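Should a chain be cited, it is by its letter among A, B, C and D, assigned in written order, with residues numbered from 1 in that chain.
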Amino acid sequence: MIRTSAEYHESLKAMKPNIYMGGEILGRDNLPGTEILDLTCDIAHNKEIQHLTTAKSHLSGETINRFCHINRSVEDLLNKQEMTRVASRMVGGCVARCMGTDAMNALSVITYQCDQAHGTEYHDRFLSYLRYWQDNDIVGCCAQSDVKGHRKRRPHQQTDPDLYMRVVEKKKDGIVVRGAKAHNSFAPLAEEIIAIPTRFLTPEEGDWAVAVAVPSDHPGVKLVCRGAKYRDRVSELASPLSGKGEIESLTIFDDVFVPWERVFLCGEAEFGGQLALLFALYHRHSYTGCKPAMTDVIMGSAALVAQYSGIEREGHVRQKLADLISVAELVYGSGIAAAVKSSKDGSGTQIPDVVFCNVARKHAGVNLYHEYDVLADLSGGLPATLPYSDEFVSDDVGELVKKYLARADGVSPEDIYKCFAWISDFSCSSMAGVLQYAGVHGGGSPVMEDIAILGTYDIMERVEIAKRLAGIED
Amino acid sequence: MIRTSAEYHESLKAMKPNIYMGGEILGRDNLPGTEILDLTCDIAHNKEIQHLTTAKSHLSGETINRFCHINRSVEDLLNKQEMTRVASRMVGGCVARCMGTDAMNALSVITYQCDQAHGTEYHDRFLSYLRYWQDNDIVGCCAQSDVKGHRKRRPHQQTDPDLYMRVVEKKKDGIVVRGAKAHNSFAPLAEEIIAIPTRFLTPEEGDWAVAVAVPSDHPGVKLVCRGAKYRDRVSELASPLSGKGEIESLTIFDDVFVPWERVFLCGEAEFGGQLALLFALYHRHSYTGCKPAMTDVIMGSAALVAQYSGIEREGHVRQKLADLISVAELVYGSGIAAAVKSSKDGSGTQIPDVVFCNVARKHAGVNLYHEYDVLADLSGGLPATLPYSDEFVSDDVGELVKKYLARADGVSPEDIYKCFAWISDFSCSSMAGVLQYAGVHGGGSPVMEDIAILGTYDIMERVEIAKRLAGIED
Amino acid sequence: MIRTSAEYHESLKAMKPNIYMGGEILGRDNLPGTEILDLTCDIAHNKEIQHLTTAKSHLSGETINRFCHINRSVEDLLNKQEMTRVASRMVGGCVARCMGTDAMNALSVITYQCDQAHGTEYHDRFLSYLRYWQDNDIVGCCAQSDVKGHRKRRPHQQTDPDLYMRVVEKKKDGIVVRGAKAHNSFAPLAEEIIAIPTRFLTPEEGDWAVAVAVPSDHPGVKLVCRGAKYRDRVSELASPLSGKGEIESLTIFDDVFVPWERVFLCGEAEFGGQLALLFALYHRHSYTGCKPAMTDVIMGSAALVAQYSGIEREGHVRQKLADLISVAELVYGSGIAAAVKSSKDGSGTQIPDVVFCNVARKHAGVNLYHEYDVLADLSGGLPATLPYSDEFVSDDVGELVKKYLARADGVSPEDIYKCFAWISDFSCSSMAGVLQYAGVHGGGSPVMEDIAILGTYDIMERVEIAKRLAGIED
Amino acid sequence: MIRTSAEYHESLKAMKPNIYMGGEILGRDNLPGTEILDLTCDIAHNKEIQHLTTAKSHLSGETINRFCHINRSVEDLLNKQEMTRVASRMVGGCVARCMGTDAMNALSVITYQCDQAHGTEYHDRFLSYLRYWQDNDIVGCCAQSDVKGHRKRRPHQQTDPDLYMRVVEKKKDGIVVRGAKAHNSFAPLAEEIIAIPTRFLTPEEGDWAVAVAVPSDHPGVKLVCRGAKYRDRVSELASPLSGKGEIESLTIFDDVFVPWERVFLCGEAEFGGQLALLFALYHRHSYTGCKPAMTDVIMGSAALVAQYSGIEREGHVRQKLADLISVAELVYGSGIAAAVKSSKDGSGTQIPDVVFCNVARKHAGVNLYHEYDVLADLSGGLPATLPYSDEFVSDDVGELVKKYLARADGVSPEDIYKCFAWISDFSCSSMAGVLQYAGVHGGGSPVMEDIAILGTYDIMERVEIAKRLAGIED
């Protein structure tokens, strides 16, 4: 089943209100960011890109939305990467739905491996749950980042053990979990929340090695939210994103009961850590699609404003564009390499290469603020000082505002206004802040990529190269 | 006379409404940013820093607010720089009043030099006007950046000649000017606007070589404005800046008549360009005070969040703080050098060194986004995803929010919340965007500093050094 | 035929002396760098890596040294890239033989395309010549960089038209060429020199559109050379590279006659420029193999010196290693993407993707000096101040030198000495300078990559993305 | 007394041979680097700069070489900084003599402070020794960097306690010291060596808290040396530096007896550490003079090669020059600030500001390799591939070499050759490696500057700023 956005809306409407935002308790109609999830439904019906946006389920053989698919080949990974870039360009940023997909892919591997090691039955449970996802074209998200308390202490060393989500009770028919997941982007718009651990766990930390899936309006689940919106404009100057935005959640599991069929890890500490890392790996691979799209947007905006200002042939402009292209394509190219050098797990799931994914994500992260710097540099100060659209259409000063916005010949004041209003939305608003923080921390901060890289890379092989060149014998 | 902020408010209240913002025409009470100008009044009454914030007028011998003072010595420049840093720390950013001061200092030199070259009488006019400023403790601003149209065309080559402000009529008792000045920060809160040219002018561009001062509610002056505010919080969590902000103006001179006694340049093209550069020079020197204060705020915030997270002793944290310190103090140190190596003009006004001012401003500009990157890096994602303050105090979820904000032992949830709310205000809001754009473009974009540096620096002296070392004889 | 290094030596010995270096005219025995070309022969006999170092000729079906092979598939490009990395690690830098290979691949395409456009017969000639290469396992090089004179003038605008190599006479049996090619690394050790244009050519520049192959001791060919060597050490401390080095040539074509069967372009201006670019493209793809190997050497050396100093677990050390890994693998990963996204030309030759090759080469180039900086940083000052090996073995001070070289327990003074002597060789010697300059300029300076990127990339597609997001309709 | 270089040579000649280099034991005539110390003598006789290069002794009232002077005022520090820049420009790099000067200045403070704290008599001894220096215009150096062994262990934790220099015996008439000092640049050309500790010392490390002065040919002192030279050229192409160079020493104190009158610290652990830091501080202030001179040389060379290539007006060339200027003048400007904000010690000695010195030195250090990158970028590959001067004058190929070196009209082949030969000397030779390593590590590695900065800077003041802005009350 591949749902339309209208069908997705029906489902949202039926959910119970558990969204706490701005002093109110809200339901799920009219939340900022809805249109982004809508798009993830609609692109699967877009014939031009269906080769990217749909896939054949390896369970049912049915054609499904690729966001519900488990990657089984190099081509799957390449298609997911490309779909992510295409969709992210359309929304000018995060496409919101890959978190759930990435969590499902990680679970498909770890449930299998845990079963192999411990004789557990997680993988079958997972496959049943996956079948439910695919049959219902579920929009899901992943709740990973625990609130973490004192940053130098492990989960079991925290003053309050709940600062990392944990099992507080095991019952015959299920478990009770307690904790809170921060930075849970778009969670209010997901139908299902998959909660997984956030870090390596030591053997005594089995209680924190828990992975579950719950409906996002499940009893005890409380979403404490915050939204960000692009500025509104008068209708004659509006863009597709005007007044639209995104939503973030601190997702609290206030002693939430989860039946066993939705528990995919419970107590196996070493697999808790591996699940954390593997989700991050899939998510970083998704970043090799969305982050180049962000750079596409930045370079397109920069090139547009340069053209409107008449400076598009200037040497320094072109050099800055070349720098932006380099960021985009080094990240995208390394993501391709991660797919090409991927490996197949025993479960049949395809796992992207760790090093290529991580150097790509790291490069994206360390360059993001610099890319905003380039955009600000080429745009001049106007995104920060642009008059409101009300004055553009005002009887008093509208004609003066139009007169003084003029730039290159032949570009209308309306187009100039929209260009700068968009750049202002994108780089000089609360949305800009969210995009900047997400660019640094989403899918893992640069320092986490370093850890992943160093934990995997064969440095000693390079030491041997150096020793041989130096004439040092072992 | 040194006014209090209350006296300044009285003056604002008496002004005519000519502020166009959000579809309304506003007067000057309750504009965002008022408290910043208030502070520039109040610090002159603060005994602890009066050695910085006041000066002795060289005209009247009276003690005046330093913002009304003409620099006459190395010490004046050092004191102005230090005052700017002190005040900018207090408001967490731009102190708003130095633009007027810098314009007055530039006029004091250029009116003198033009008189010497052309036998004009600008300098005496200027001194009378300065006396008015000092006697009334005027809050002024400088309107410099023309809207500029096609960026590759000179003023006289624009399709519409008004895209750079110009004289359209000379009368017996004064002149009529037309044009618009962009990025005119805090103009609605100024009592006087000084308009000056924005670039070098060729001999045929005498009409654009015009400098005037007008009251900011003068007939024909229209301020098309836009505000930015720090987010509001519930009162128990409020900070001094909550709900406060700043204001930007596109200041339109819609055929404004200016009497001769307020005209300080009119037709002398070469001095038009020199005035543009000299204002920029003074303003860049001011940046050597305010920009280190911005970095003080960033590093203080970064150190605070590190402390609250328990990671303040980590190597990478300390290295990032050292990098921030380096940015702050290289800029500040070079500003000191600019004062120490300043020169005295024939008018008696002290002019800071061009190269030291410009390398300092350039260094500040190219590092600003990186500083935000460091702050985002050390803060984690929470500034972008922090629940609203309503939920912190909510009966439903308040206790849960507090529980899950916990970090280092002994820090209250309130303080943690305020810390992250402040960082969110500063780095993840429309105010952040304004601060970022101002950091790049205010007082001149990095490329403008390059031009100023290269126009001044004795590269050929270095070429001679190289030739001598290479054995090349002239 | 796959030659051994001994067979290659026989061939060198038979060549006529035309190498001008240090006031002497030399033959080809005992030139610095010989051992590098030896290695390119020997690795084709190394069974462990023959899957990389050999290939099946598409002309003869014989197994040949991959350096003589024309890439016909994605796998060929991936194998060439990997072979280059493997071999470059062995020699600690440039593997010298890919220039010839890259030139042959470019000729295989351009001769075909020119024939298609102009009805010429270059491609058949080329195939005959290729057959000669493959049958004799020729070591070749590519002479591309003209000396270029005044950098702002095109070839036909130079005061001396010979500053770009050109045809000065066409005869019945061949042509006469004149000019000089700079930076012709390892040319004295090549048996064949392929000379091709260095830049885009305008229609009136047909005389400069010339591609020929000549034996490197051909009459009129004069190699004005310069060598660099790693420092010698006393034998008990020697490394495989001690006393070894490399050689550079200014290759002068002093009115050289070339018979038609060795002329592959002569007058077709547009294909002259395309040949220049296509060679550069293949060569930049080779850089995606050798440059990561350089970084392997740098990171291995840095990790080794950190280990010997006892600081290998320090946070800043590990972060610097992660940065080096990122450089290596972003470049390598994008090289993989360039192969995966390659296309097949009408001639059957596989052409790597332009953008991925160029962003990779650019990233390598802009980071090279920084990588040396990291190595110097982690090594401390000793590579610059290490006593000579004579003192290490001296009766007078040898024991003292050994005593004071001590670092981590259990590492012998000999190994410490060799480690620092190697780093000194690599980073603090005339060889280091050559490696640094080659890292910036070899295969194209960063600015050339920008030009290649901007000439290819679809910036307008990104502008359209921005316009759509801004609400601007075309 | 202000000696001439001839007088200095007489003194060198009389010294005993204790220099171990390349298997020989050498005396002090004809060592590389002599001409640099010569220059430090000769500039004190150069009337044009005597206001910088001489000073009035506060002991004798005599005019002395400023290198023998103790700084007593802001002006002294400013003059020393400027002298260092002027002299470093003349030699194209390190001026070699400031180390001794900086050590003497540090001793003048620490001996005084130690006496105040402990009732010792070091300061009088020091003043007598200073008088000897000034009366004889001594050329001295400072031996600071211990060889340090395992980098994670303190002096008293090393397997061999001698890896940091220490007192091994106290006698009635003096002490015996043992250890070795690495990176002791120009020590063979110094008449006196001042040895001081290299780091903070714990209370149990009194044996390592030792400061002494010995003649550099003192019994037991062994200098294990290494030289670097600029390449020689045929005489018609020679430069002032051709064949000249510098020398480095591993200075071994092989149980050296030092009489008490030359012992300036012996056992006072806390002052050992302070001496280490204070010498570093003075030396970093010297770097604010020499490092801008290095950048002067780099930018002069870059501008020269751009001019000879005809590209001196290109935008990217000018932007790179502006970047180099910024490095030079931020460092120099902060050095000026360090002098202006200096303080006077109880001994009367002027101490530069810690933070400004260290941010300046750090900025110089982190940019050095990048500056070389810019020079390589603008020079093209020729510095690495330039034919030897023998071929320039050869009958066989000399005319061809000259023909193909042509660049901008009107520049002779000789000048072009000299230009590139110089850049090759400076950036592509063993001298280049020494300059690069010295640029990173001389006077303290960047990480040492971070430690000095963080140990001094009032971070908590900035935290308070942030807390106030956040609304957090203490």
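By our rule, a contact is a pair of C-beta atoms (placed from the backbone, for glycine too) under 8 Å apart; a residue touches a chain by one contact, two chains touch by 3 or more.
Computed from a predicted structure; not experimentally measured.
Enquirer: Taking CA centroids for every chain, report which one is farthest away from chain B.
Expert: Chain centre farthest from chain B's centre: C.
Enquirer: Could you tell me which pair, B-D or B-C, is linked by more C-beta pairs in contact?
Expert: Result of the comparison of B-C and B-D: B-D.
Enquirer: Once you find the CA centre of chain C and the CA centre of chain D, what distance in Å lies between them?
Expert: 38
Enquirer: Approximately how many whole Å separate the CA-defined centres of chain B and chain C?
Expert: Inter-chain centre distance comes to 51 Å.
Enquirer: Distance between chain B and chain D based on Cα centroids, please, to the nearest Å.
Expert: Here the centre of chain D sits 40 Å away from the centre of chain B.
Enquirer: Give the residues of chain C touching no fewer than two other chains, as numbers and ranges.
Expert: If we look for residues of chain C contacting two or more partner chains, we find 314, 316, 319, 447.
Enquirer: Which of the residues in chain D come into contact with chain B in the complex?
Expert: 89, 92, 237-242, 296-297, 299-301, 303-304, 307, 318-319, 321-322, 325-326, 329-330, 332-334, 336-338, 340-341, 355-356, 359-360, 362-363, 415, 418-419, 421-423, 426, 447, 449-450, 453-454, 457, 459-472
Enquirer: Taking the touch rule as given, give the residues of chain C at its contact with chain D in the complex, in rising order.
Expert: Touching chain D from chain C are residues 20-23, 25, 145, 147, 149-153, 159-160, 162-163, 180, 182-185, 222, 224-226, 248-250, 252, 254, 309-311, 314, 316, 368-370, 372-373, 376-377, 380-388, 390-391, 394, 396-397, 400-401, 403-409, 424, 427-430, 432-434, 436-438, 440-442, 445-447.
Enquirer: Considering the complex alone, what residue numbers of chain A touch chain D?
Expert: 314-316, 319
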